[in-house]
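By written order: A, B, C, D, E, F, G and H. Residues from 1 in each chain.
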Amino acid sequence: MNLDELKKVLQSLESGEISWNEAYDKIKYQPYEDLGFAKIDYERNIRQGAAEVVYGEGKTKEQILEIVKHMLDKGEKSVLITRLSKESCDYIKGYLPVFYDEISRICIAGEKPSVNGKTGKIVVVTGGTSDIPVAQEAVLTARFYGNNVVSLYDVGVAGVHRLLDNAQVLSDARVVIAVAGMEGALASVVGGLVDCPVIAVPTSVGYGASFGGLSALLSMLNSCASGVSVVNIDNGFGAGYLAGMINKM
Amino acid sequence: MNLDELKKVLQSLESGEISWNEAYDKIKYQPYEDLGFAKIDYERNIRQGAAEVVYGEGKTKEQILEIVKHMLDKGEKSVLITRLSKESCDYIKGYLPVFYDEISRICIAGEKPSVNGKTGKIVVVTGGTSDIPVAQEAVLTARFYGNNVVSLYDVGVAGVHRLLDNAQVLSDARVVIAVAGMEGALASVVGGLVDCPVIAVPTSVGYGASFGGLSALLSMLNSCASGVSVVNIDNGFGAGYLAGMINKM
Amino acid sequence: MNLDELKKVLQSLESGEISWNEAYDKIKYQPYEDLGFAKIDYERNIRQGAAEVVYGEGKTKEQILEIVKHMLDKGEKSVLITRLSKESCDYIKGYLPVFYDEISRICIAGEKPSVNGKTGKIVVVTGGTSDIPVAQEAVLTARFYGNNVVSLYDVGVAGVHRLLDNAQVLSDARVVIAVAGMEGALASVVGGLVDCPVIAVPTSVGYGASFGGLSALLSMLNSCASGVSVVNIDNGFGAGYLAGMINKM
Amino acid sequence: MNLDELKKVLQSLESGEISWNEAYDKIKYQPYEDLGFAKIDYERNIRQGAAEVVYGEGKTKEQILEIVKHMLDKGEKSVLITRLSKESCDYIKGYLPVFYDEISRICIAGEKPSVNGKTGKIVVVTGGTSDIPVAQEAVLTARFYGNNVVSLYDVGVAGVHRLLDNAQVLSDARVVIAVAGMEGALASVVGGLVDCPVIAVPTSVGYGASFGGLSALLSMLNSCASGVSVVNIDNGFGAGYLAGMINKM
Amino acid sequence: MNLDELKKVLQSLESGEISWNEAYDKIKYQPYEDLGFAKIDYERNIRQGAAEVVYGEGKTKEQILEIVKHMLDKGEKSVLITRLSKESCDYIKGYLPVFYDEISRICIAGEKPSVNGKTGKIVVVTGGTSDIPVAQEAVLTARFYGNNVVSLYDVGVAGVHRLLDNAQVLSDARVVIAVAGMEGALASVVGGLVDCPVIAVPTSVGYGASFGGLSALLSMLNSCASGVSVVNIDNGFGAGYLAGMINKM
Amino acid sequence: MNLDELKKVLQSLESGEISWNEAYDKIKYQPYEDLGFAKIDYERNIRQGAAEVVYGEGKTKEQILEIVKHMLDKGEKSVLITRLSKESCDYIKGYLPVFYDEISRICIAGEKPSVNGKTGKIVVVTGGTSDIPVAQEAVLTARFYGNNVVSLYDVGVAGVHRLLDNAQVLSDARVVIAVAGMEGALASVVGGLVDCPVIAVPTSVGYGASFGGLSALLSMLNSCASGVSVVNIDNGFGAGYLAGMINKM
Amino acid sequence: MNLDELKKVLQSLESGEISWNEAYDKIKYQPYEDLGFAKIDYERNIRQGAAEVVYGEGKTKEQILEIVKHMLDKGEKSVLITRLSKESCDYIKGYLPVFYDEISRICIAGEKPSVNGKTGKIVVVTGGTSDIPVAQEAVLTARFYGNNVVSLYDVGVAGVHRLLDNAQVLSDARVVIAVAGMEGALASVVGGLVDCPVIAVPTSVGYGASFGGLSALLSMLNSCASGVSVVNIDNGFGAGYLAGMINKM
Amino acid sequence: MNLDELKKVLQSLESGEISWNEAYDKIKYQPYEDLGFAKIDYERNIRQGAAEVVYGEGKTKEQILEIVKHMLDKGEKSVLITRLSKESCDYIKGYLPVFYDEISRICIAGEKPSVNGKTGKIVVVTGGTSDIPVAQEAVLTARFYGNNVVSLYDVGVAGVHRLLDNAQVLSDARVVIAVAGMEGALASVVGGLVDCPVIAVPTSVGYGASFGGLSALLSMLNSCASGVSVVNIDNGFGAGYLAGMINKM
């Protein structure tokens, strides 16, 4: 409830249109539903322009099903579930129609949203083949929110001509998501080639001194290219969501 | 030079409009100037829609002056210099007109660019008073690129009503820059309140287990709010630049 | 044995009431029982007002059973065992009456202690659903020591209105336990809302740059709210025990 | 404003006692004062039972003076300033009556609050002589809030009899603050001796593998004694504040 | 394509030898093949004098097979696959002739390359027996590229005479690869004995404070011997490849 | 071979007692046996007064058996194998007489050495029950070298009277081995109680901010007690070996 | 007071030789002197066979003087002060006879103790010239306690023959102290050459990835040589003290 | 002395050509000079083909002078001193002819060696202007050893065309030294462009999450380009020395 709405409620009360009780209910109203173990945030669609997402890791399959069912019952057409195990997905499939991508562990319950072909392009690039699961999480998330997404995989900087040859694809992008593990240099090189925001996603791909993605994370944070910002290691969802938000501006 | 331009050059050569020498010069042309110790990137204004910026730290005052003079000579109207020491600024002031902000150590040589009142608003919030120098770097950078910037300082989450009372200011933003040290929680709370991109800037403000900004950095990377991305510790410039890029979309 | 008791023993010896041998036994007396692999501390109930707790991890099921049986034989009515695996619990169940909570892996052998309804309220809040196992360890520990405990789950700061709507619950608390992983911002926001001690429990919930709870831990240590202190990552027991200690003051 | 107050405002509006404008002002009222670079939180005294504290580091002396003057003007009798440099203190002294302790860099502007002899005792112990500045910050903070504080310095665990000989002092405590650098073992030993909350303050005292207090911090977080919680490295203020809060329960 | 080649293409176009279309194809030509999930870099053999290598970890067995088949189809005689699991190897074996070494998980598909007996010797030394898998990855990689390789295992510095007695073997080397975990001191001692480049490979062999190879890595980076450089933890391939490159100079 | 021996060999050669070939063999003689994958160091018994030990981790059971058999064949009466898996032990048992302790994974092949009752006492103390496997490795190693060892388990500092009541046992020690995880404070407290060397062994026992033993390791390195030195995390063998070395002085 | 002494006191009381008051005094007696900011531990000479040492860092010159004067007044002939700044030393020199070594910042107040020529030799080796200040702290500490000390500087492992040529010196040692920064490999090589305890002292000598001594510390903890233990970075005092303790056994 | 030389010495002794004393001197001969605080290694020129280098940091100016004078006296024509402060250089200049470069703090005492124009080219590239001091250390070191060195500064990957335009320079190199701070991506991009060894030098240039060069170091260690190895942060000397060694092969 913003200040304008507050004014209206108070004016209605002053004018006798509503009682103090009704005003009280409107002002104190909880814009979420309480399941005990979870509080589903319905106002979020209004507040943030996007339905809440269910993070699948660390929740039991029963918890996830209950949350999703409540959301669909309340009128959401589709619900995005990230990091859903195959096993939990199989359980939910018994109750609800779902789309599931095993590589990224992305699940969509309810209707699969359609992509709006008119929006600008989001380009998702990866350094290597092993970064694809994270990239795919970004791709499917952005598409869930109606974005037009192009992917360009295995264009790491050790063979920089593979990237340069796709300069045209990059130059069409309104937002680029750069997904890379190991030394994470992709974000800097891409950042220097394009004139749009670059969202860098470090991945935990690598071994030894990659320290579970720390190396790529630090590289990306220290990027000498402007226009680059970073999300958490392996956070394809966060990158896809943010890219969609920027793309719609 | 993109592929379409390449086609044109080659067709002109085939048709005899230009000689191979001219074609060669166009294709091989170096879009930067080489000062030996630095290579100034002039194509960047075209490629990235923004003039190159001079990072003042680690360069001598003579080097900075030489770079800036070359850039102004080549036709840039104004040059942004970040992290410029007072001492270097005083030296440069002897040769060029400059604007200097001591708090953020931002310097603008040449004309001070004007702000375009019609662009959306960028809101810069800080957790505390000590975060202001970094925030100010973001504010002045974004204004350098013509953005409309509003600042909202000292609204840290330990007194969350200070932030909530300014919900209206936040809701008008097209981009929010959240600047905070210590526990860096500001980014998450702001991220949950707005429906636009939030660029989080961890600062080195704090002591003990803040480990020079590491605590705020990790907090922001782990933000449970969607739409949040992170730049390097104390990187006000990077946040201001990226915010301006998004704001103009 | 404190100095007053020492005086009395010595005066009794001087007056001939007791022999030097009896005095010697009293002074040298070992207030614990030695099982070889463990030394059970019986004086602790007197010294610290609470019976010793058995930390289940890293002990064999036979060791745990032997320790618990000795404690019950010595007169403890109930023994708290933390981090007990399901398998060890099943073994112990063959010998002793036990209550077991699978989510938190808390086990109570012997009588289940009753809660004293008159004590102040301890409120346990979590950032998300995945933090519940740690929170539950705190809840059950505090109840074991007779405290009145209320839980409020999934009120993370990315949807801060969920927390604010429960301000009444928080304002009734004598102690708050804030359990959160990822960015751990919950402790700061709660700390700013209440006027009672807040015990922050970072959890290992998260991925990537959460580094097994390090991110939440650093956040909480750097909290800009006053009245917040921190226990080890995932240490629900420690928080529940300390909260009970404070609540009884 | 809590829900009960909200009800009353709305009932007054319904009954015509107040206009919607007055109601609006009451509900939207900002309980802080905005100085631009800082937002002073006046409601805090009500909300948290203690006036806001000024953290001196990272603020200019002019900023500090302006904040403190506003607070005194608004009716605070005394204001606590932590980590105030000698130089800033000298500046403020020109305008306001202050008490200053050079060792802890604690400053009190306005009246020096009196200690309430009837409250329980807070005992502050240190491992060594070098930990005294941090301990003194805790002592003076707790006294600022009217607590009865006893200090016991240089009782580190490498000569554990020095601690045991003071068992009587410890046993009289309602709260103990254990301040130690290096290996930080003091918190565990003290935690095993007393039956009251122990607030552990790691200090940056040490060299080499103490890594600026990290060693003591980790030790204290891993304490095997129950009832121990930890604040940030060198955070004497936080410990003193929390101890006072617990002591008054 | 280098500048000389560019000149020639342009001169041919000017002289009418080729059309702009042919010129365009030559200049824009992509020297890699796009499989969607991977882009195989064929120019690399020319650019770097060695065929691309397939890094087996993080790729499915189907992806690996497809990549390798394309490479062999394009004319590579043999393809090196590193970190190939036994299971993936068994799958590939169904389609292609392969050599597989279980200890190092090195696989060679196609013809096994022959060693050129005339090249200088590469000597691979290890600190202990547990370092052999990494050493073997280096040995087989170097041999794949035609190098003459000698191995000298279990000559760690705690029994330095074992190393000194093999001084003759070391003095014959053109390049030494020093493979060691734990304290990684081998690189320094070897570096002081020979007058050729030493490539140090830290291994994750060890426990406790070896922190997964970090200890050996730091040791080797801080080597006080000159002529020592370091590759990633457990990166036997990288060392073998680089050694071969140096050996052929 | 030391310089005196060298002189003698040269004098014998000069005097014609031996030929240059015999001298050559004596000087160049390799005091180890080369199995290819391992080099067994026989001179060590002379050089260091103790037979070489076989570190079981990272070696195959066949490698271990071959090494041990060669050592016994060369005249060692018994061979100590550390960190031997149950499975490898069962394999070796098929060929050689062995003693095996499952808790510490210590194995002795050949004759079990007898303890020399006349040597001073080594006292091994642990903080908790979970530290026993590491302590047992120290105990069995020290006994293997003929030392008189006493163990005192579960005397952690959170109940410091358990330690003080055993002051007599500690005061009889010539060397103390202090084994503790979590906060590792045991080493400091013990170090302050005894007047003999204390070898501190941090263990990986703990969770959360113990970071796999790092917390205990740092604590012990920062011990404020004199006479304390530290070995690697979980390195019971190292402590037992060193204690025996000191005990025999 | 040990148990035998306790028995005697109690028997004397029973027999009427002493009153309960006298017994009380004996039992409760505090074996240290309380200066408020420091508690000097006089019993330590009895308990640990060596007078307490004053750690100079973090204490004011007035505090140090007061502590030392009390110790000399109580009968200590000489007091060792470590890490004493030149400035503090000059101050103390005005009141007491002192010996001061600027390189190691070791100070001895009172009589300079004489060395006992009959004790075994302690050999102190360093990797480089820059490690000498730490080594010198060890040398002077060991001599303070009457030990015979030999130093052998700049024998780092990158020129291992410098160490081997001094094998005779090493073989005469009863204890070796190995002082090294950078890669810290010296401890392992020395550990493999001698049959006596090696105390490893990592130093903060180095740059870059030496991370203030962390590299040498980890190396030494992971030493593959037996008989090596480690003290804190730059802790020459600790090594010298422990070496003396072992040397006197 | 190698085994062949040993044979000859022994045969000469057998044949009576030399006495045992002469043999003894030859075998035991120390190939270094002992200054007490330093041991100068003269055999190194023979053993490693390059004179010893004096590392200036951590040595007093008197120590450096003494070492250099001894080396020149022994016949070295010129001595390389690294990391020499301006102040020490001024002192040495009073006694010896020196060449000094303030940017890299490299000093050459004695004759300045001449470059051998016939050797292959070493190309030194930097990411930015601030990396020049480290690069210059590499350049001057390589030239000291007679190498032909070309430098190419400020070609960081955020403007990758600056690097590609210099592809010709890179393709002429026999060894490339890639010097970069911040994200350190330069090494990977260069590594993918050339077919010669790349020595990567991370620098401490950067701020925030560059953590003193750690970010660049990890990037370079994780480089996905083959043929890249890494030296310590800011270790220009090491890179220059190794490049020279490889270049001469």
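The working rule: a residue touches a chain if its C-beta (ideal position, glycine included) is under 8 Å from a C-beta of that chain, and two chains touch if they have at least 3 such contacts.
Just so it is clear, the model here is predicted, and its values are computed rather than measured.
Visitor: Enter the minimum step count from subunit F to subunit H; a value of 1 means the two chains touch.
Guide: 1
Visitor: Starting from the defined contact criterion, work out which chains touch subunit C and subunit E both, please.
Guide: Correct list: A, B, F, G.
Visitor: Give me the rotation angle that lays the C-alpha atoms of subunit D onto its copy subunit G, rounded to the nearest 5 degrees.
Guide: 90
Visitor: Return the distance between the CA-based centres of subunit A and subunit E, expressed in whole Å.
Guide: Chain centres of subunit A and subunit E, defined by C-alpha means, are spaced 38 Å apart.
Visitor: Using mean CA coordinates as chain centres, what's the subunit A-subunit G distance in Å?
Guide: Each chain's C-alpha centroid was found; their separation is 58 Å.
Visitor: What's the distance between the Cα centroids of subunit A and subunit H, rounded to whole Å?
Guide: It comes to 49 Å between the two C-alpha centres.
Visitor: Hey, what residues on subunit B touch two or more of the other chains?
Guide: Residue numbers touching two or more other chains: 3, 28, 128, 159, 192-193, 208-210, 214, 217, 221-222, 226, 232-233.
Visitor: Every pair of chains that touch: which are they?
Guide: Here the touching pairs of chains are A-B, A-C, A-D, A-E, A-H, B-C, B-D, B-E, B-H, C-D, C-F, C-G, D-F, D-G, E-F, E-G, E-H, F-G, F-H, G-H.
Visitor: Quick check: in the complex, which residue numbers of subunit H touch subunit A?
Guide: 127-128, 156-160, 164, 182-185, 187-189, 191-193, 206, 208-211, 214-216, 218-226
Visitor: Going by the contact rule at the top, pick out the subunit G residues touching subunit C in the complex.
Guide: That would be residues 3, 6-7, 10-11, 13-14, 19-20, 23-24, 27-28 of subunit G.
Visitor: Which stretch or stretches of subunit B touch subunit H in the complex?
Guide: Those residues of subunit B that touch subunit H are 28, 30-32, 36-39, 41, 43-44, 55, 57-59, 63, 202, 204, 212-214, 217, 232-235.
Visitor: Within the complex, which stretch of subunit G touches subunit F?
Guide: 2-3, 47-50, 53, 167-168, 171, 174, 193-197, 199, 217, 221-222, 226-233, 237-239, 241-242, 245-246, 249
Visitor: Tell me, which parts of subunit F touch subunit C in their complex?
Guide: Listed in rising order, the residues are 128-130, 132, 153-155, 159, 161-162, 165, 205, 207-210.
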